[in-house]
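Please go over the structures that come below.
Okay, so chain A shows up in both of these, paired with chain B first and chain C after.
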Partner chain A sequence: MTLLKREFIVNGCTNEMEVSSHETLLNLLQQRLQRDDINGGCGRGDCGACTLLLNGQPVHACLVLAAELTSADVVETAGNMTLHAGNDRHIVNAYQDHAPGICDFCRPGLWISTKALLSEVPAPTDEQIREMIAGHLCYCTSFDQLVEAVNVAARAISEGGT
Partner chain B sequence: MTSTDTQALVGGVLRSPFAHARIRRIDTRKAEAIDGVRAIVSASDFPGVESFRQSENGQVVMTGLFRNIIAHEKVIYEGQPILAIAAEDEKTLQTALSAVDIEYAVLPHVIDVQKSMEPDAPLLHEELVTRGIKPVPSQPSNIAARVEATSGNAGEALAHADVVVADEFTTEALYPGGIALPYCQVDLLGQGRFKVCTHRYISDEQSSFIAAMLGMSKEDICFEADDGKSTVKSGERARHQNCSTADQSVHLEPMALMLARKSQQAVFMAMSREDAFKATGAVPGSYISMRLGADRAGRLAAAEIVICMQAGAFPGGPVQQAVDAVLASYQLPAFRVIAYDVVVNRPMVTHSQASGATGVNFALESLLDELARKLSLCPLALRKMNARESALNDPGREMTSQGVGASIAAAQSHPHFQTKLGKNQGRGVSSGTALDEQGNVSYCTHICDVEVDTETGLVEILRYTAIDADKDSLAEDGGVQMAVTVGIGRALNEAYFFDENGKLKNASFRDYRLPLACDVPEITVVNSGSSQGCGSTSSMLSPLAAVANAIADATSARITSLPMSPPVVLAETQRQKWKRRLRR
Partner chain C sequence: MDYRQPLTLAEALTLLRDAVAPVHLLAGGTDLIPQLRGVNDPTLTLVDLKHIKELSEFIIRADGSVVIGAAVSAQRMKTNRDFNRFWPGLHDAVAVMGSRQIMSRATLGGNICHGSPAADTVPALIAAGAMCRICSSDGERMVPVNEVITSPGKTCLRKGEILVSVSLPARPLRSTDAYLRITPRKKMDVAIASVAVNLTIDESLCVLQCSVALGAVAPVAFAVSEASEFMTGQRVDQAMMARLQRTVRQASRPIDDIRATAEYRTQVTGLLAVRAFEMAFARVTENTSRDQNS
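Coming up: the complex of A and B.
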């Protein structure tokens, strides 16, 4: 099996690894980098649990081949959002306060999708938020509470502060 | 031992490709010879099977639970585990699984509950004789049990009732809703003791069963729910993260334990999404025939109900939940309820979340709506008039709650019930009562407004109010809102599809349509103070009839089979149009 040398950045740290041609980014992050802030629920882009940011855009890690990565690629997973004050912290806090029932399985992907949505649409409508949530299969808390969490995060970010 | 230095073997399961087949021969020699294969286990490795067979009362149910975990002599549904292998890595595991040679004798199968009850249906279990019938039948059948609840003379009361409504209802088996996937890791503690770390808590009853299956003492197995600090590698945990909605039944643990015992190494096992669809518990489907009689004022006089419930491949479907659901909400002076527990070539069903009450609640609340229509009564007034004032008809059960009536009264005075409707729009109501495993009772009444696209049959939920929840809390409200969402999905979209060989065709989230955030409106939750801590359970039942009743209000089409997908709604609305034209 041919292995390909790849360099890429995950949450600010540069990684240099040999990857096989069929290895997914999800497998690389979970199995080889041992990250537990990204989940896999379907392996085919249906459930949204493995959503992460690739160069600022939300993608399903199960549908990205690790071999596609270049040294210019920046990967961000949900764990990075808990590390710093600022906009990310507003999102994390809003989910904690307004969607308390959400479990560890769906939460990382939803945080990431929320970050992507709010960076593009700072004041989304409820319809836009629901469209974003529709990319995630989550049945441990209510969609209404998820909508509220995103609205609260959007307001907190627009008002600034940490 | 830290979370990263565990070198657990990876375990995998070989599953049945057939819905029904006898296993003639299993040859594992090629798989055993593969470098890196450490253990292979099949049913014959488990000493527990014989003790289950010999136990008088537990024979049927316990043997079924055993065979659901690992097949013995024959396979009874597609996806049933046949054997498990532990290997050093995933690639070796997959090579070994494909090297196992199994010779099957494929048998005719049956997945439909009514067809399974026919005398000439393919027999799933040669030893299965119907319980609850006297004299005991001399021949085996697919009817595992018959349960009857009777009060008064229902037949006579129906004959003298001013109004009688009757219909037949069918509901499909449903995916129970778990998004996270079951997993477990078994570690060796030394001196023949093991630790099983799994994605959820193992009950005392389940741990006893697992120990019995392995012929071990319960004290030699330590179960713990994975709390993130166990020896499960963080990467594996992330693949199969803990989640409250994951399947709660025993599946992998006995096999992982036996693999660890044979190999004397730690073993990690996890299910794939396809495995979870094909082999974990489903909400049972059912066929229900129901007759309700009432006087001119709308007071219920009697009910005659037959429930045929799909238990899945093994006996033990939640038929008692179904019978309880009939009697839970309303006062019935006379009733006769007969329920059958019927085996079919599908995965075993689950008892969680009042799954047995799903079909009955849909049927009963649909017929109550028809009764109100026939008598030109407000559907809530009819329900209120007949509501039980306290609780279930169980003298042994101490009840403190107010009964379903409080939630009906709250619905009557809610502004939603007075909101004006437009063209092709309709309003439906439905009540529900559910018991959880701890004996708590929850009551609810729901109001649902829909708009039906008469060109396509698509149903849009416009407004939804759930009167439920025992206390005002964010978690409680969220639970009710999600229960309603799940119920709406079950009402409109969800169903398993099997091909002509009994194989599940939609074993993925792409093909099994769960409800999404854009499918449902904001759900209003009103606290009626009428529940005791399992509010979301009853709210999972009520949306099915609330949506059906709203569709009937919008289109005059009474839909009696689930799901009410666009083709079903369109066909029924067009049938109603034809009937109206013929009457002109």
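Coming up: the complex of A and C.
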């Protein structure tokens, strides 16, 4: 098995590891780095459970090979969003208050997709929010609650404050 | 499995030329990585093309001509305003390729080389008259995009060749395109029929040139040359639309499958063609009147 030396940043911490050529970023985060804020579902980019930010872009961790990472790559998972005040906290709070029924399996990916959407479109329309939700196979709660949570987060961010 | 990350096109082509075992080319990986799941063939080589300059270029010139590197992501194309202005139909095709996460990774080259009959960008590229630059260590060749996919999942790429970029021609005056598709579900689904129209009209609103291409209704996407022939030089009216609908339905060769019947696909393709034409015509007349008023 070929092992490759890789350096990359996860939630602000630099990691230097040897990765195998067929190992996905999802496997690396879950099994090697023991992260519990990312979930694996379908393994083919359908369910959205493993969504994270790679250099600010939302991606499926199951569709990225660990070998593809370089020292310039910055990975952010949902757990990081609970650690800080500010915009991330508004998203976390909005989901807690307006979509409380959402399970631990779907939540991390949806937080990340919401963060990506609001950084690109600060005041999204309901249609844009539903398009974002369509990237997640989540039937935990009503889609209306998810739309409401994203709208509340968008308003809280635009009004500022922590 | 061996993983290689060449930084230049020459390096990648040398790797491919010298390979003795199977090689997979990796760009976005949205199709390839699930296929490789569970495969741990030590002889296999994966060549990551994302760090090669020629495959990452996205050039839009003032005349509307475009060069898109094969590893340019769908999201990069979707968010480019000039690309949307010159090629709104192809832009619409790119925009429906998948979820936001898929858009971050999926590439134009991958969408072509995966060889799906229902690939969204392919009909729009065929209608646009796109040319593919294919390179090997022996040289390069330019191939019309409709000749690249030879059958479902198969391309004309030979051993040692890479699809480097796709070129779109300059935009003539009063010219635009449109792309429409039908999917069983509204979002995140594969087309059961798709139509792209690339249209140029003259000052009197007659058709100067019109290309119509169909996807998901034959083993590979294709251009309906009969439609282009009868529309050239004609005035746009109800009779033309009725004939376009008939011509497209006759040209369709769909199959029955779990997602739609052949009969439904045939019927809906004709309607889509008319709607796509009307959309392109509305866009081009709107652009023309805006240019005259400015």
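Rule of thumb we're sticking to: the second predicted complex is superposed on the first by the 162 of 162 C-alpha atoms of A that agree within 3 Å, B and C clash if a C-alpha of one lies under 4 Å from a C-alpha of the other, contacts with A are read in each partner's own complex, and residues count from 1 in each chain.
To be clear about the criterion, a residue touches a chain if its C-beta (ideal position, glycine included) is under 8 Å from a C-beta of that chain, and two chains touch if they have at least 3 such contacts.
A quick note: this is a predicted structure, and the numbers were derived from the prediction, not measured.
Colleague: Identify whether chain B and chain C fit side by side or clash on chain A in the overlaid structures.
Modeller: fit
Colleague: Tell me the contact category for A:103 with respect to chain B and chain C: first, second, both or neither.
Modeller: Once the two structures are laid over each other on A, A:103 reaches chain B alone.
Colleague: Which partner does A:4 reach: the first (chain B), the second (chain C), both, or neither?
Modeller: second
Colleague: Name the contact category of A:138: first (chain B only), second (chain C only), both, or neither.
Modeller: first
Colleague: Quick check on the superposed pair: does A:44 touch chain B, chain C, both, or neither? Answer first, second, both or neither.
Modeller: Touch partners of A:44: chain B and chain C.
Colleague: Just checking: does A:30 make contact with chain B only, chain C only, both, or neither of them? Give me first, second, both or neither.
Modeller: first
Colleague: Specify the partner with more touching residues on chain A, choosing between chain B and chain C.
Modeller: B
Colleague: Quick check for you: in the superposed arrangement, does A:146 touch first (chain B), second (chain C), both or neither?
Modeller: A:146 sits against chain B, while chain C stays out of touch.
Colleague: Once both structures are overlaid on their shared chain, how near does any Cα of chain B get to a Cα of chain C? Whole angstrom is fine.
Modeller: Minimum C-alpha separation, chain B to chain C, in the superposed model is 5 Å.
Colleague: Let me check the overlay on chain A: which residues of chain A are in contact with chain B and also with chain C?
Modeller: 43-44, 46, 130-131, 134
Colleague: Please output the residues of chain A touching chain B within their complex, sorted ascending.
Modeller: 30-44, 46-47, 49, 98-101, 103-106, 126-127, 129-131, 133-134, 137-147
Colleague: If you look only at chain A, which of its residues touch chain C in the complex?
Modeller: Residues in contact with chain C: 1-2, 4, 21-22, 24, 43-46, 48, 51, 54, 57-60, 62-65, 67-68, 113, 116-117, 130-132, 134-135.
Colleague: State the interface residues of chain C toward chain A in the complex, per the touch definition above.
Modeller: The touching residues are 1-3, 5, 26, 28-30, 33-34, 36-37, 39-40, 42, 46, 48, 50, 75, 98-102, 104-105, 187-188.
Colleague: So in the complex, which bits of chain B are touching chain A?
Modeller: 4, 177, 179-181, 228, 233-239, 241-245, 272-273, 474-475, 477-482, 485-486, 508-510, 514, 516-520, 522-523
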